[in-house]
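Chain lettering (A, B and C) follows the sequence in which the chains are written, and residue indices restart at 1 in each chain.
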Amino acid sequence: MPTRRLVLQTGLATIAAPALVRAQGLSGSITLMSYSGIFQDNYVKAVVERFQQAFPGVKVNYVPGGTSAQMVGSVRAQKADPQVDVAIMDVTTSSIGNIEGLFEKLTPAEVPSLNELHPEARAAGGDYGPAVTFDHLVLVYDTQNLKPPIEKLADLWRPDLKGQVALAAPPNIQGLALTAMVEKMEGGDYRKSIDAAIKKLRALAPSVNTFEPNPDGYSLILNGVVKVATGWNARAQLYGDQTGGKIAALLPPEGSVFQINTINLTAGSKNRAAAIAFVNFALAQAAQKAFTERMFYAPTNAKAAIDAKALARTAAAPESRGRMIGVDWNEVLKMRDQWNNRWRREVIAAAGR
Amino acid sequence: MTAGSRLPWLVVPAALLLLAVYVWPTLGLFRTAFNEVGPTGAMIEAWSLKTTGEVLADSFTIELTLNSLWLSLSATLIALCMAYPVSLFLFRTQSRFRGLLAVIAIMPMLVSGVVRVFGWLAILGDRGLVNSLAQWLGLISTPMRLVFNWTGVTIGLAESIMPYMILALLAGFGRLDRTLEEAARSLGCTPLRTFLRVTLPLSLPALALAAGLGFVLSMSAYITPKLLGGGRVFVLATEIFEQATTNTNWPVAAVLAIYTLVLLLALLMFSNVAARRLQR
Amino acid sequence: MSYLELAGLQKRYRDSVAVDDVALSVEKGEAVALLGPSGCGKTTTLRMLAGLIDPDAGSIRLDGAEITRQPAHKRNMGYVFQSYALFPHLSVARNVGFGLEERRVPRPETARRVEEALGMVRLSGLEGRRPRELSGGQQQRVALARALVIRPSVLLLDESLSNLDAKLRDAMRHEIRDIQRSLGITTLFVTHDQVEALTMCDRIAVMKRGRIEQIGTPEDIYERPATRFVADFVGRANVLPAMRNGAGAISVWGVTLPATAPADGEVDVFVRPQRIRLAASGEPSGEGMVQLTGRVLRSVFVGDHVEVIVEGAGGQLSVEMQSGTKPPAAGTEVAVLWQAGDTLLFPREAT
């Protein structure tokens, strides 16, 4: 009669000490799907392992899911029989999942950490999964071979960089972010028009080595293929450390755009209680602090006490915050196809076949 | 039990496998094509031709089609020019290393497409083998753009389809016979005339077969255009991939996939008819 | 100097010699057969003549001109391949006209000559067919017409009849011989079939292991084989082990022959079965005849002759009797007779 005994124990414990009991009472396994590579390595170390210490009964399977779009595709394909309990992905794709009913709404009653989040972190997911990390677009450059180093976004148009630039064109969100940034640099507002950005980017096109960096811009710089690339701050910081400073990240003074990863609870999760516990844990101060200090994603928990040195390397640093351009990704999504077309016909076409 | 009545049972495993891995997903693909897409990319379950209409009306679809056809044509022709002499040699050689040589010729098939592409980057890049050599020889002062553009994709694709074409040629050289070439020589043909009047006409069915195969493979190739194209080469296969895995736009990806499928079937039928006519 | 001269011709393949020091002179209009078992180098010799393979040594002269290193397409040799080698993608007319087109013969003349050649091989009316729509014999004729229409300096036939059935082969033999004679075309004919060689050619060169064993007219080869190999390979022969008895004389089945052994060592006696006559035992032998005695073992009716097997003191021999004559019954004692001049003596070969 193991079941009855378990129920009995659980019941008794609930009366005795609610918090402790909840931790001990949870069991089984949950599947977490997110990015592979260094994100996985660091997230497992900073968050997953801590969670498992706190909840020894729960086993977390980390499944690399490819790109955000591939992840939402997986969840979509498993709608009838979900295999994933929690998914961390870009806000542009999680919002698709929210609309399609693939993810559940979250309430502070079930997920108390929600109350500690920055307002924009809550806003990113609406009633659904909130932001779990903030990142931002940076210009990554070769510190050894690029003299002088770049100091601003406008430096991309420097003649000595001809053929030395790698940037990810739309529909990649780096390209979307860059479009908004260049429009701002040109004094415009992406919500109204991107004409100025397209015109300026068209002039940049001949300098571009590749519009689709593979495997990514950081590697292309490290392999000497290009000298400057668009990239994400967190990864650029980490790669910079790992290579002894061969590459560096620049937050352009002209402004940058947040990239937001949200944490999402799959509708129909087979181990919902454990999954909710994980979401709450991932958003809580300890996990946020650990991950930021490890990988330089800005925290979404406002109360997390982050080491000042680490914080300075994220977009959460006060001087960085001021430079951020408020981009509503849901608005950008609606314009994505149109931006994409303009890039293909006006920007990439100007780069020659 | 006769062999005839047993035969259907022998094809059951293959049929089931096909059903599971091909027919079922294809039906799913057709189903998806009737769905619509919301303004932010969310899929709306529907039975409508809205997505199909939008894709077919988009001038970019025509551009993609022409790009795909042009890329496949040029890659196939280049690969054919390289594969034909190699296959002729392999077909004729009496060398005891023939088996080994054949394996070497089709070796690239055994290497993953991604690895091969990075090999090409090392050869065609700005600081790659070709540019370094040309600069060292003083032929050029600034590197030529050989990769992250159409040139790179065409070269890479031609190389990746070549082994398949060599196999198709070797399989198709049925009527080619050394004695026929000797007959032509004895009747007054120079080696060149022998090639033009005997070898080439008799290889035409094989060439048609290989070209058809190479073309279809090129049309559906996406790794090479994606990794060597530098974001400048837009073809149907990369667009399907992009729509499905970056835009999360499954309905558009499905419509494009079916469109490509129909295009390929039409091309295959055409090449079959052509090959049969040449066989006569 | 003859029309076609081969001298010291040699071809090696890795560790074996395919053709070794072959010399041959062929007169204009003559038909010569290269006869030998498979692998004797006869086809290799023919291919060197056509320029399809290069000799390692030696020379080929045609009408006084050195052509040893001349490429095949300049030699003007008409080659008829064993497999016919008709171009499957061309019609019969285009196949036959192929060599003329290569020679840029004007179109009307090409058409006329193709028609003439097809008429000669009795294939008129099949111009538009594809080779695979023809029978083996018809394909053979197309191949012949194609080789003849270019008016070749030499016609080379490589086992050209071996793919035909027996009856058709007989007919084609005569047809080709007639055409060859009427055109007066110099012809080299490779075959392993002695009947082909004997009936179609003015002279025969018998080849063995890359070398020519004997060259001569069919009668020479048949009646006066120079070597044991030739005697054995051309026609049938009874091989009777001979005994030496003292002073150079030899005996077979205990009967001393009116011949002297050529050298020391063991010898065999060769006698053609059709040169042997059977007679009643005890009948006196004529002048210059060899006579043995034996017992009839059995007779076999072969159609055009009857083969009688006779057993004697030293083994068996076979006798060909004309069809229609009644062979002696089995068990009958008989005398075995032949002209002393029909006795061939060859040293015994180590086996």
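Simple rule for what comes next: contacts are C-beta pairs under 8 Å (C-beta built on N, C-alpha and C of every residue); 3 or more make two chains touch, one makes a residue touch a chain.
Here the structure is a predicted model, which means the values were calculated and not measured.
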Chain contact graph, described as a line, ring, star, complete graph or other shape: line
Pair of chains with maximal C-beta contact number: A-B
Geometric centre distance via CA averages, subunit C-subunit A, whole Å: 90
Computed distance of Cα centres, subunit C from subunit B, in Å: 56
Length of the line joining the C-alpha centres of subunit A and subunit B, rounded to whole Å: 37
Complex interface listing, subunit A residues touching subunit B: 66-67, 69-70, 72-73, 76, 92-93, 95-96, 99-100, 163, 168-169, 171-172, 209-212, 214, 224-225, 330, 333-334, 336-337, 341, 344, 348, 351-353
Subunit C-touching residues of subunit B, taken from the complex the two chains share: 175, 177, 179-180, 182-190, 193-194, 197-198, 201-202
Touch list for subunit B against partner subunit A, complex: 38-43, 60, 121, 125-127, 143, 145, 148-150, 226-227, 229-234, 242, 244-248, 250
Of all residues in subunit C, those that touch subunit B in their complex: 50-52, 71-79, 81, 83, 85-89, 98-99, 102-103, 146-147, 150
